[in-house]
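Read through the structures below before going on.
Next come two complexes built around chain A: one with chain B, the other with chain C.
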Partner chain A sequence: MTIIHVPAHVPACPIMVSTPVGAQRLGTDLRAVAVAVKNVQGWASSISAPEWEGDTADAHDHAATRFAVRLDGAEAALDRAVTAADLFEERLAALFERRTTLTAERAEVNADIDTLSTEIAAATDESRVPEFERRAARLTTRADGLVARIDTWVRDRDAAEADLVAALRGVDTVAEGVQAAADPGRPDVAALTTRLRGLRGDPTGLAAWWATLSRAEQEALTTEHPELVGNADGLPITDRDEANRAALGRDLDYLTQRRDDGQLSAAEKRVLENATYVRDALGEYADQIDPETGAALANVVVYQPGLHSGDGGIAISFGNPDTADHVSVNVPGLTSETSSTSGNLAKTLALHQAALDEGKGTVASVYWLDYDAPSGNPINPFDPLGQLDFGGVALTDKAEAGGERFGDFIDGLRASDEGDRAHLTAIGHSYGSTAVGYALHDGLPVDDAIIIGSPGQPTGTAAELTGADVWVGSMDHDPVSLLGTGDRGGIGALGHDPADVDFGGHRFETGDGALRVEKLLDNHSSYFSGTSLDNMAHVVAGNEGEVSYQPGRGAPGGDYLTLSELLAVSTTATVGDGLLAGGTWLLEHLRPGGIMVP
Partner chain B sequence: MMRALGTVPLTLLLALGLGGCGGNDDDSRQAVEDAVRQADETIDGVVHQVAAALHLAGAQGSRSFTICGESYAPRGVVMQNFLRFTASGELTQENAFVATVGLLRDDGWTVDDPANRVSVVGTKGPLTLRVEIHPTLVQVGVTAPCIETSDDIAEEYADRPTADLTWSS
Partner chain C sequence: MTARLDVPFAVVQQARQRWDVAGDELDGAWRRLATTSTAELDTDVVAAVEGFREPWADELKAAAEQASGYAAEIVYFRGLVVVADQEQAERLRSLLPWAQHDAAVTGG
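Presenting the complex of A and B:
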């Protein structure tokens, strides 16, 4: 009997103990410390006591200078540590990707080994022996090659860890910090800052210049000016995320201390509140990993907690827009501020997963709120949280300004995009759709635009608005979507109804929503679910053939109620249901033994 | 007669009251707690079965709540449970997907697109279960997309901090 030597199973590629997301957290913490130290160092370098004279003044200046010099050593050491951590994270991401490939191959090889072993065991004669020997030989070659590549992976992993430890050990004493500070190769942060400031507003130029910098120069700028780097349109998303997380960590530490010391100003209080909202929202997704890189799925692309009258500016992406095949950016509407981040991220994730599940390539989904959305409570004018910003809602100023900022952000995404040009979709909801509309009219460089629950668009037709494909989601029982001028009138303060047949957009199916007065505003916030979500995902993933449509308003089959009709009918429906419920309740309680019978 | 007349304004009040509200707090809280219980049963049940079948390890997860709607009309609560696992590739990708679809269906989940090779998505009651399978990483989401509640209950749950999920081996 012939013996066939089938290779043994390939052992598993070891699990990564040092992970990309762990390295990210290390880098974030080191950067936050570096940012804080640089803030103090800058303060120490600038303090003076002009009223003092003579020996006292000399002693003060000498002490302040020595303090600043010592901090400079710490600053230089931290810069090297941050640079080393950043390199470590990059190497771990590459190791993660290699491990993914090795593991998939291992499963295939082992499955083929099992298949061959089963067939050999089932053979009743020697007729297939030559075939079995050839297959066994090929499997042995595959298995041996895979084992060797796994061994190489292990060595590379060990080298990455050893290099990080060596780098950190190289700056873990005061003397080494001083040495690092005196290094003639140390980045000239002042010159780099001047250049960075000069290139703001030119995202393509900024992207090109940033790519010429060394890692050490990029990290030095990031920790010196995290607000500049983190919010610079055109810089890579991962670098913006690093800077913004460092700024977030710094704000939380510093302002929490000031709060505990009773020194918080009103403006700082708002910043701390916004920082806390962002921290909490990110915490909800801390366990979500980008399967491509092993790093955190969420990226903080914009972090400006003190902007927009204290409402703050924020943008967070799931996935990396610089590398994804399909990118969407969604803009929320009325009353949105940093405190709304959590709820809006849940909607963004729902869209992200739905688009990913289309199976048309990699996806990144950005939630963007970096404009001054009108504030207040449209339902309850007596809400102590604030009166409705009627001017902001009724007039288009904030939408136009928001559209301009949004345009800058999209230009930035186009500039930092790597590889093939991404398929990019802008999504605007409610007042945010009007802001997106103004951006589209200014030439927003997107491929598709989705307008949902829109109170109005600045042009009468989609063709006048943009060259991109315009998709419209408007529930007929969403009162906000009935504000635009259209087939049957409309207030029109913010423009034209994009669901109107004459607008010429692609109106996708959303359903009408509930017809009860207390549910009308719920309809307005329901576009990121059900059929509407499915259709948005089809568009975002470039799968337009799967979109289901409904007739435009005013087209055959596109009958709808005007706003006043909707309010009347829905109120009647609510009262009617209530009458039925009330009548039923009374009937039960008017019987003998019920509460109403004396 | 007087009693009949008196019931008219009462009926109208009841009409507006019973027809107009987003639910009372007790019913709302019960709805959320029911969804939480179902999520726990899902994690302790079919998610554990998937983890065993796919030879997963290193479970880490969290639970959070947020509002479904807008600040001025919260509508209800979104419950999100996320878990991630490391995988060593004992199964091929194809076998992992097929096994997961089978386990979900056996547990009563409706899987609309069993051929999807990005993730396995099942629905049962108010919950959506999503299993995203990669050679070295499996991520699971057990989500209630929107449990309709009163505004007070929506805000109460949304104010809760994100909590770690316990994984029993």
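Presenting the complex of A and C:
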């Protein structure tokens, strides 16, 4: 009898008690604290006695001078802690990826061991012994190698934790904070800030410069100026996310204190409301984990809670646009503001999952609202007194300005992109499609553009608009999509109807939507579902061969009602009254975030 | 015996506001630090985080109280038509920006 040594099963890679998400939350808290401390320390320093001025006794008695010195120790300690937590998070993310690979390889090796053992047990003679011995030897080599790699993984995990523990223990007394403050190697944040400000508007240069900074320098800048780092186009998305989450935490902490003291200004009240909306929206997706890194799936890419007439600016990504194969950025339309983040993120996540399901590679899906979206009625540009609503949607100025900001954002994504150039799709919905249209016309560097529920585009043809492929989703019973000029007229205040056959876009299938007036807004907000969503996912994932089409308006089979006809039919009014009746109905049913939220 | 600090009222007012803001900012900071998330972290890491946050939360809380105290002091001084004596005038001056450190204290 021949004995064949089949290796034992490879034991499992230990579970990660410290997770990337845990490290991320620790880092976020520490950064938020550091931001607040630096705000106060910076102010106190600005009114302190300069080192070269005044006599020592005077300076010693000066409250702000002593206060600034006191906080400098806390600041230095927090800088060290934040930097260590950031490194810890990065190492855990790498360990998470390695563990995923090791776990898959272990399953394969153990399955092969089981197969060999079964075949050996079933053998009735020794004719296959040489083969079994060769396979057993190969399996032993594979198993031993895997065990060694798992051992290395455990050592690396332990080292990551030990390094964080050592760093925190090195500054866990006030005296050690004072020592850290005296360290001549502390980052020169003032000089770094000057450079950062100087490179804004040059995303490629900014990305290149940022990559030369040490981790300590990056973190010192992040907590000194989170609003700069978090919103700087060209910086890595994960770094922007860290800065924006820190700023969000600081805003919530500070403004809640002010509110409780009864000292909130009107502007601060709006900022606190917006911060709360963002916190709550992120909370809804806190359980969504990036399967590659184990970190939170959501990244806060823009956080500007005080901008845009108090509506705030926000961009949140599911997945990391810097590393994804396919990236989409969708821009919402009228009445969108920070308060409508939650509903719009649900649509973004639906697209994200649908695009992932295409199986064409990794995906990142960004929701971008960093422009002043109008709040008026898309159908009736007159207010209840019959005056033209200049804050409404009938004008293109906000679309042009929004398009410019969107262009800067996309340039930033291109600059921070890692590895092979991502396949990038811009998506504009409603008035957001007009903003995207202006950005496209200004040379937006995307591969595909999806225009849905569009009230108009700045050019008469897709070819004039952009060199990218233009995809158009327009439900015939979506009244907003009938505003643009086409073969049967149209108001045209915001430009041309992209669903018109002469526009020359790829009109994908969306269905027409219901023909009842109370459903018209549902139609306008239904593009992120059903066949329309499927087709958008095909485009986003570069799977255009799967797209289903419908004829352009004015083409054979592309018959449709004009806006006034649609409103008349759906409200049983006369055609002549249709526009006014429907417009009035829409005005009455619009509410903050309303047209995006049925 | 009375004394008078020769600085614009707006300077005093702004200093009070800024000390008050500083107090609120640090108040929010120490509260967050004291409750820093330790979920999904190993026990050794949790112990280190707790060892770090406790002294610094105490320090920031003390600093917050100090800043709020300064703001309250300015409110007190501002309530006086004239500052009561030279010592109090100098105390008020010490709470203002350094640019005011040479502001004259008269009377007394």
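What we mean here is this: the second predicted complex is superposed on the first by the 538 of 598 C-alpha atoms of A that agree within 3 Å, B and C clash if a C-alpha of one lies under 4 Å from a C-alpha of the other, contacts with A are read in each partner's own complex, and residues count from 1 in each chain.
The criterion applied here is as follows: contacts are C-beta pairs under 8 Å (C-beta built on N, C-alpha and C of every residue); 3 or more make two chains touch, one makes a residue touch a chain.
Keep in mind that this is a model prediction, so the values were computed, not measured.
Once the two complexes are laid over each other on the shared chain, residue contacts for A:Ala107 go to chain B alone; chain C is not touched. By the touch criterion stated above, A:Gly489 is placed in contact with neither chain B nor chain C.
By the touch criterion stated above, A:Gln257 is placed in contact with chain C alone, chain B being left untouched.
In the superposition on chain A, A:Phe96 makes contact with chain B only, not with chain C. In the superposition on chain A, contact of A:Val517 is made with chain B only, not with chain C. Of the two partner chains placed around the shared chain by superposition, chain C is the only one that A:Ala74 touches, whereas chain B remains out of contact.
By the touch criterion defined above, A:Pro130 lies against neither chain B nor chain C after alignment on the C-alpha atoms of chain A. When both complexes are overlaid on chain A, the residue A:Asp357 reaches chain B alone and has no touch with chain C. Using the contact criterion defined above for the overlaid structures, shared-chain residue A:Gly443 touches neither chain B nor chain C, since it reaches no partner. Those residues of chain C that touch chain A in the shared complex are 18, 20-22, 24-33, 35-45, 47-49, 51-52, 55-56, 59-60, 63, 66-67, 70, 90, 94-99, 101. Within the complex, the chain A residues that touch chain C are 17-19, 21-23, 25-26, 28-30, 32-33, 36-37, 39-40, 43-44, 47-50, 53-54, 58-59, 61-65, 67, 70-71, 73-74, 77-78, 81, 161-162, 164-165, 168-169, 171-174, 177, 249-250, 252-254, 256-258, 261, 263.
Listed in rising order, the residues of chain B touching chain A in the complex are 3, 7, 10-22, 57-58, 60-62, 64, 66-73, 75, 78, 80, 82-84, 86-93, 95, 113, 116-119, 121, 130, 132, 134-137, 139, 141, 145-146, 158, 161-162.
By the touch rule above, chain A contacts chain B in their complex via residues 12-13, 15, 96, 99-101, 103-104, 106-108, 110-111, 280, 283-289, 291, 294, 334-336, 339-340, 342-343, 345-346, 349-350, 353, 356-359, 377-380, 383, 516-518, 521-522, 524-526, 529, 574-579, 581-583, 585-586, 590, 596.
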